[in-house]
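Labels run A, B, C and D following the written order; every chain starts at residue 1.
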Amino acid sequence: MNKSSAKQWRGIFPPMVTPLRDRDTLDVAGVERLIEHILAGGVQGLFILGSTGEAPSLSYRLRRELIERTCRQVAGRAPVLVGITDTAFVESINLARVAATAGAQALVLAAPYYFPAGQPELLEYLQHIAPELPLPLFLYNMPANTKLAFEPVTVRRAMEVPGIVGLKDSSGNMIYFHQLISLLPPPDWTLLIGPEELLAEAVLVGGHGGVCGGANICPKLYVDLYEAAAARKMESVATLHQQVIRLASRIYQVGHHGSSVIKGIKCALACLGICDDFMAEPFHRFRSEQRAEVQGHLEALGITRFVG
Amino acid sequence: MNKSSAKQWRGIFPPMVTPLRDRDTLDVAGVERLIEHILAGGVQGLFILGSTGEAPSLSYRLRRELIERTCRQVAGRAPVLVGITDTAFVESINLARVAATAGAQALVLAAPYYFPAGQPELLEYLQHIAPELPLPLFLYNMPANTKLAFEPVTVRRAMEVPGIVGLKDSSGNMIYFHQLISLLPPPDWTLLIGPEELLAEAVLVGGHGGVCGGANICPKLYVDLYEAAAARKMESVATLHQQVIRLASRIYQVGHHGSSVIKGIKCALACLGICDDFMAEPFHRFRSEQRAEVQGHLEALGITRFVG
Amino acid sequence: MNKSSAKQWRGIFPPMVTPLRDRDTLDVAGVERLIEHILAGGVQGLFILGSTGEAPSLSYRLRRELIERTCRQVAGRAPVLVGITDTAFVESINLARVAATAGAQALVLAAPYYFPAGQPELLEYLQHIAPELPLPLFLYNMPANTKLAFEPVTVRRAMEVPGIVGLKDSSGNMIYFHQLISLLPPPDWTLLIGPEELLAEAVLVGGHGGVCGGANICPKLYVDLYEAAAARKMESVATLHQQVIRLASRIYQVGHHGSSVIKGIKCALACLGICDDFMAEPFHRFRSEQRAEVQGHLEALGITRFVG
Amino acid sequence: MNKSSAKQWRGIFPPMVTPLRDRDTLDVAGVERLIEHILAGGVQGLFILGSTGEAPSLSYRLRRELIERTCRQVAGRAPVLVGITDTAFVESINLARVAATAGAQALVLAAPYYFPAGQPELLEYLQHIAPELPLPLFLYNMPANTKLAFEPVTVRRAMEVPGIVGLKDSSGNMIYFHQLISLLPPPDWTLLIGPEELLAEAVLVGGHGGVCGGANICPKLYVDLYEAAAARKMESVATLHQQVIRLASRIYQVGHHGSSVIKGIKCALACLGICDDFMAEPFHRFRSEQRAEVQGHLEALGITRFVG
């Protein structure tokens, strides 16, 4: 395995949405435009097939196609991280191999999410899967969707498993994030935060970057906030954090249900002319009134076509 | 679509465990012995690839192999129901087609289980998927694993969707089950209960049968209890219900974690010489002390090799 | 302590609502009419200051007044059970003494419900409080409100604590109820069910009676169902169970929020001219449209003034 | 009502533990020593009868005694805030009057915590109770114990209710805290954070102070951290935050169950010779091995008798 260097994993890694034409067809031109849009924002890397990418709702065929197209389009300009979360161990490995062959740099894995496993079972699962993976692995803590958190006691043990190089925390629980930092992870380990509302404080207290959905829309805003926080420029942090909160509290709160965040991001990208906003079942794109609301918010926020 | 008749769906439909040699290899001889063992108990049908069958933990290749081998082995002696639950709409359809081609009689579908959807989204999902399925569909209410119940208001609407013919309730919530009955389902609809502890009362209050894990071990016991309850033979019901509770309260409470039920069933089947007890990740078979405990319980319960 | 005999605790013990004029004033005439209405239905006893009685929302002064007035009005015609659930140990004891002095026959205690305690802490709590109580004690399993269930392992140990004579289960989880029965409680122990939807099956599988909110409205219906189930008269059980489900699925589903059951019962009693439907904060009586709905349901169900 | 000025509510308000001799007896000398210990740390005020103060587990008589003794001992040197959270509206008012008469400056109220109310019911509750209170009121968001959060939509409306002057958030959910800040509360409103692990970031992003349990032990540490964060002295923030995390991750993780935090604080205070560590049911003080562990942690942290 090509051991990653920690420095590679500092900054913003947008969790890319998956542009779709229909339930099983990629919006290929949209994928290409979206990748260019995100890279132009100066991000450190790109994360595909996470929750924001609707990975669990996509067929394996489409997931493989997305991996290959993304790696080809990025063409080494930034590392590509690929989500391989699955309830079936064997399918996670299959996806990991596709990712390695296509030229991705790392893998991202949440807990298996159908059966409620115990922490010792979760640790054993990690110890079994890591040696079979061809690329460095990030854990992905996402208990709202998986029902199963990587508890600190499990993360501490996972830090000793060769090949596991970091963790992305999307729990929204900053006490947990502080606990991880206080475990004193090895220097080549990386701790990333999921929710963009928490990016500023996560970096201020010692985190290494963020995997923020809004960076699909305005990648540069998140890169700027990360850099301001890393440099402890507190006035810039305050201003940029405020902008992030404003975006999140408007765009993500159109509509109902837990699906509003992804719907809002896809809808905004469609408004900006970047890609289609079709969503895989069980979700559906916003209807026209909600789209008009999102359009209004974008204008109020000063976000216009192809803003970085 | 070959419309099913309601009468076909009255009785016991054991949720078959999936005998494995290792993570991606069926225990083929075990599958055959297990099917014969279960059919010998006089069951009404066989349900494969449910939770007890560890379906979400199995590769698609293995799931397809199991569907084909099971249909071939059963050879029309009883209807085969196939679980097609998946987070990806397209993969559910793929499995459904394999099942129809192999000769299965019905499909079983829990809610998509990664993203927390709302009830209107869940209903739309059902309305979209049912027309694309080549066989009659049972809903499978399993909120402990899916985080999403089929609420009564959604079930009422689902009763009007062509092709949806019944529901299996594994919530353990009998108030919910009574609510479904009070919706007055169409006469060709079927309501089955999951947890075997509730089989007696579910049938006494108007349910049509059970999908009980313990019927892997002692199929006849569950068939007898179903028939006694359907005939309102209350003394037999009391005796047989007592036996079911005794089995469940012993075999399923060896070990810890939510995985104890499936582990206990597989371990008991291994003790009886029927099939291997290998489990797919994230679970693992019982160790030797726990296996000795299960063996002891089987003896105390008078369950010996190849008891029907 | 006057040891209770088990026989005393077989049947229906309605959890009486607390008729109020305003936030801190009893509807005294309503209390008297309601007690007579309930006793006329042939119930086995009366349970005051439970959840249906809004006990936690009432001042201690009013709770003491209700205890005294109820005991005086009942005047030995049936045993009175008094809820003493409280987050403060000392206040539970204070209420218990008032109950004993007033002539009540037993006490009912749910888990302390602010801090989430562990099962060993809960057991110790029971071991400490039981010796200080002047009357026999029923446990009250109500995890939806207390966040803390009496797990079977704790109930088994509680069966050995002198003075604890039974348990009322309002969890709605019949698997749990079967587990309690399979613990083989001592012959002088009593297992009662809370939710009326489960009364029939609870008695059929070995429970001893019910504490059903609807028995405020139609006490005789619940007494009849209990007796039919105890005598295994399955046709009567089916008919009466159906009536109970119909009442519950109509009256309790007017309005929203978890408070709909108590609101529905109080509103029905007001429609029947029995008592005021004022509710203690944080709840409020139904508004006129909802009251009209309840009135309509009562008429459809054939429940008119002073039906037993 | 004496309108409070916002400036009064900036800084650290330790949630004082309640020193007890036994279940219903204050450790009076301990109360006095603890108050002096805390005030010596330069705190902005003192909060009694919160969760850390075990208020729901104490008799009303003892709560009244604590209010009176605390106000007498503090004698105007700092504002005293008094928790009046209760399931019974009338008892909350009773406590509020005792607090006002004793000379307290403000009240603190969590949601009523037995019945699961809806947000509209919660808002109405606030609208009803605020006018009856003789002192300014802080809301206390504590969903882990109350099951009911003050959702942002409710907080926004509560900001318009005269007499409600702020909110203490103990949810641990920083996304929620950011949402409250983005509601743009009136300038005389105060937002305080509960969990000490989040004090630094809460103040950095615009919060006004903290109600931190550890300030019972080391009040000056929390005052220093607050001041460093308010002044954006990022190096001091990093050092002091680290010390807070170290204290919390050691002292609060001795023992099991949710009760470990309060037990750890009381035990530490007993080790320091400040007050008794008796706990009200359903909890119990640490046993000797756990006490030795806490003692060891205090020494490792350099916390010795009467450190401010």
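One rule holds in what follows: a residue touches a chain if its C-beta (ideal position, glycine included) is under 8 Å from a C-beta of that chain, and two chains touch if they have at least 3 such contacts.
All of these numbers come straight from a predicted model, not from anything done at the bench.
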{"item": "Label of the chain whose CA centroid is most distant from the centroid of subunit B", "value": "D"}
{"item": "Chain copies touching (subunit C, subunit D) - same or different residues, decided at half shared", "value": "same"}
{"item": "Equivalent-chain rotation between subunit B and subunit A, CA atoms, steps of 5 degrees", "value": "180"}
{"item": "Whole-Å gap separating subunit C and subunit D, where each centre is the average of the chain's CA atoms", "value": "36"}
{"item": "Centre distance in Å when subunit B and subunit D are each reduced to the mean of their C-alpha atoms", "value": "50"}
{"item": "Sequence positions of subunit B contacting 2 or more other chains", "value": "none"}
{"item": "All pairs of touching chains, each written as two labels joined by a dash", "value": "A-B, A-D, B-C, C-D"}
{"item": "Interfacial residue positions of subunit B with respect to subunit A in the complex", "value": "23-24, 51, 54, 56-62, 87-91, 94, 111-118, 121-122, 124-125, 128-129, 144-147, 256-259, 280-284"}
{"item": "Residues of subunit D that touch subunit A when the two form their complex", "value": "172-175, 178-179, 181-182, 195, 197-198, 200-201, 204-205, 232, 234, 241, 245-246, 249"}
